[in-house]
Amino acid sequence: MKPKILRNVPMGKRYRMIDFEWPDDNAQPGQFVMIRVTDSVDPLLRRPMSIAGLANGRMSIVCAVLGKGTAILSEKSEGDFLDVTGPYGVGFNPPESETALLCVMGGVGTAPFLFLKSRSNKKIIAFYGAADKDGLGIQTKFDEMHFSTVDGSVGTKGLVTDILLAHPEIKNKNAFLLACGPKGMLKAVDQICVREKIQGELSLEERMGCGFGVCLGCMVETDEGNKRVCVEGPVFKAGTVKW
Amino acid sequence: MKPKILRNVPMGKRYRMIDFEWPDDNAQPGQFVMIRVTDSVDPLLRRPMSIAGLANGRMSIVCAVLGKGTAILSEKSEGDFLDVTGPYGVGFNPPESETALLCVMGGVGTAPFLFLKSRSNKKIIAFYGAADKDGLGIQTKFDEMHFSTVDGSVGTKGLVTDILLAHPEIKNKNAFLLACGPKGMLKAVDQICVREKIQGELSLEERMGCGFGVCLGCMVETDEGNKRVCVEGPVFKAGTVKW
Amino acid sequence: MVNLKVRIGSLELSNPIMSASGTFGYGLEFADKLDLKKIGAFVTKGLSLKKRLGNQMPRICETPAGMINSIGLENVGMDAFETEKLPLIHKTGAVVMANFFGETEEEYVESARRLEAMDGVHALEMNVSCPNVEKGGIEFGSDPAFLEKLTKAVKKVVKKPLIVKLSPNVADIRPFASAVENGGGDAISAINTLKGMSIDVKSRTPKIKRVFGGLSGPAIKPVALRMVYECCNTVKIPVIGIGGIASLNDALEFLMAGATAVQIGTMNFVEPEICQRIAGELSAWCVAEGVSDITTVTGSLKIA
Amino acid sequence: MVNLKVRIGSLELSNPIMSASGTFGYGLEFADKLDLKKIGAFVTKGLSLKKRLGNQMPRICETPAGMINSIGLENVGMDAFETEKLPLIHKTGAVVMANFFGETEEEYVESARRLEAMDGVHALEMNVSCPNVEKGGIEFGSDPAFLEKLTKAVKKVVKKPLIVKLSPNVADIRPFASAVENGGGDAISAINTLKGMSIDVKSRTPKIKRVFGGLSGPAIKPVALRMVYECCNTVKIPVIGIGGIASLNDALEFLMAGATAVQIGTMNFVEPEICQRIAGELSAWCVAEGVSDITTVTGSLKIA
């Protein structure tokens, strides 16, 4: 698909939200697309980006500039064309019965929850962790919003797992938790899920060669063996990943 | 130098004229610049482009889309930045005494003559050869303008050397001839110079790795030995090149 | 009508554009991305007798115009391939070449025997870029005499076309091409990946857990083309050109250098439909150039 | 203050960023592009006893993230280098490494003798990727025993640091690194270009008149880094890393892999001031990372 960019605006200090044309609404929160940022062969591979929104012929992503590929992507202009394949992977799948979701996020890990919020009528209790206040600005209004920063510049000083553990819902054994963010955060959240016996799902990141299951570059070890993050994930059940 | 593009407009059906900022007026018609069209390493090398104009803080080039590099270049927008080094090489050097110049050109070979016209008050008698009429449109008003096309769609049907040979000035042994265009044309013009004992200068093209004399990729054999087109050229005296 | 048919041993392909092993899964992953019948053949991920899990992560990274992989030949194994994959592949109508490897000569022979017996496997591609446990981890493909012996041993148990895929990590590829020919191989494919390395400067660790991996993609095209040309000038059996192909133009370079067919690898990741696109473009190019039979393009390079 | 000084034999360089042979002319072409005193050293175009004209045109072409050259070692010859170039180079204050080659062992020895006698040549880099006319055109750098003998013979006539530049067109570079060390070479530089090829599809002719040429540029970086790492793990003498360096990050990869210094080649064409820029960035990086001595970065790669 070569969709036209409809909008490219900054989101907080570190991110950009990019909207582009998309012909259908068939995607689940937690799924991702693969974006080719140039026609040349450097950078060569597509970049995985979570879907941050999809409605009315428009898909959104939130992009953090990390290296060459995301730098090129973030500098594209309205009217330019992208090269996008997907959606790929398995999205979040919280039980129908659940009415409130504990959503733990860090950095661009917020992206899939923006999409989830737009698609779900469950109560979303968001926990956002960042190093400092520059990581903020990506959050739109979730139903409840809790912040933590490592340097204490916004919200509670400390790690996001601290504010999560302090929240009353964590003691509710029927609570359902979703998480997306840096590996260290996911691992900590996973341990909390296991320890507190809370059900949950984690969205993982791995370097991806293809995004659709053929390069075998994105494996993660689970208690059911090697799984491809791009096909069997990126969302995995809490307590199943071997870190 | 990373000059800003001031204008990028089509010129005829096949070419684009691109103007960009340039801090000084120090360049001679026949000299060229080396343009890097991307920050990535594909395409890797700079592309040589003749200077087609330089005045008032603005340099112009005329670009024909041939492959990847020129395609990227031609799609740049006003406000984008280029990466340009040079000017490089030795320009045309017609004798001071000469009042009229026979200028033979094909394709983007017109570019240096546009610059020459803007810098010189000599009479310029232009001979432009093309395959068909799509090659036209690049010519601005020279003092005299003669066209030939291989298919006869514009001007005289045939090669540019035919209309050159038919021109009365060719019999004037004091005439001075300048040429820039495809190799075949240059070779034919060179032979005419030798046969008709006319003095002249030819602007050559060779694949260039560096543009400033260190890769030794752009050599041409002359009667004084191997010369670098980028340093000792691109302009060479007629009758000196070993084709 | 343009005739794009090419012949690899006794097998006729509808056109010379194939996908390369390890970049096309078991074909099924591409069934919704292109029409498998429109490409000459596809090559499976490298198969071993037993299922393998491969190397630790990370095992891929990007490099200028290329990538490094150290997948470690993870695959479902012969049994699962036969029972779970092959019946589904068969339904797509694809021409299937099974890539395989072993750690001993016996494993190679046994794998070949298994694949020979499987209906729906049209040809075998033997990957010899694997460490030979009997020879102390030295690659099978790094000693011509040994390669000839291996080829002979495998050829003895297969009637299907046997393609031997050469490693580029040698000083001179020509003796290896000859070894395959002398050993009775039906065709050569070249090249596999170049041994490479990349470092994450921030953490001062290798980007690939196992330090080394195989470089593939457009970056290696000039080296691949040179080696394919050398093979073509050395043997009479067909050569399948592989390495960095990303466009019709690239495919044509390999054909003109003497390749009978080509395989596209890494670029399947970037543009999943690329094999079908290039097969289509090849047909259009032949029409435009007045080429009525693609085999006349093979080896048409003119040296002044 | 950051100490960027590194040592190649008896020669101390102000920093480890150098330019590579054949991509920096005789240094003079860069005098208006950067401050030659700000880079560790520059390496001259390969010199031979007599002036050479090199190969027929075309002799360069572009490839994905790289280029192929077949210049054919065109150079002004020892005499012109000594009388016309060296006096001018001397004025720039640059540290000069003279790259040289021959077609016979005697030519190598004689060239080295000439360079040893020239004031203003600080070190010698011996290019062994040249066809050996006595051995029927086989490269000097393709036989470890021969390379050791050549190194010994040359070392006998020079006191200045002797660097031997290795060819990557070998199955295993380590025996060649050992050969240089055993032969008494003061340092190794690696790698020279990879043998490659490219075809112009329209005319069906090779893009390089001589068909084959040497591939350089970012495309080869993963292969170069791997070989440099292998050399560093094999010998104790300093290794100078070369191949595809285009950024500070690339240079650091080579240093972390064990290189004492690096050379930048092809990228000088694209960004003539790159050596000076990266030398500056390296200094800033050391400050930011709290590195007080660059030699602590060399070989600092951590393998888990």
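The first chain written gets the first letter, and so on, giving A, B, C and D; residue counts start at 1 in each chain.
Throughout what follows, a contact is a pair of C-beta atoms (placed from the backbone, for glycine too) under 8 Å apart; a residue touches a chain by one contact, two chains touch by 3 or more.
Since this is a predicted model, take the numbers as computed values, not measurements.
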item: Given chain A and chain B, the chains that contact each of them; value: C, D
item: By count of C-beta pairs in contact, the leading pair of chains; value: C-D
item: Between chain C and chain D, centroid-to-centroid distance (C-alpha), Å; value: 34
item: Approximate Å spacing (C-alpha centroids) for the pair chain A, chain D; value: 46
item: Where chain A touches two or more other chains, by residue; value: 41-43
item: Where chain D touches two or more other chains at once, by residue number; value: 64-66, 218-219, 246
item: Contact graph of the chains (line, ring, star, complete, other); value: complete
item: Complex interface listing, chain D residues touching chain A; value: 64-65, 218
item: In the complex with chain C, residue positions of chain D that touch it; value: 63-66, 68, 142, 169-171, 194-199, 201, 203-206, 209, 211-212, 215, 218-223, 225-226, 229, 244, 246, 249, 252-253, 256-257, 300-304
item: Chain D partner contacts - residues on chain B that touch it in the complex; value: 36, 41-46, 85, 206-207, 209-220, 225-226
item: Complex contacts: residues of chain C adjacent to chain A; value: 22-25, 29-30, 33, 45, 53-54, 57-62, 64-67, 69, 71, 74, 217-219, 246, 266, 268-272
item: Interface residues, chain B side, partner chain C - complex; value: 41-42
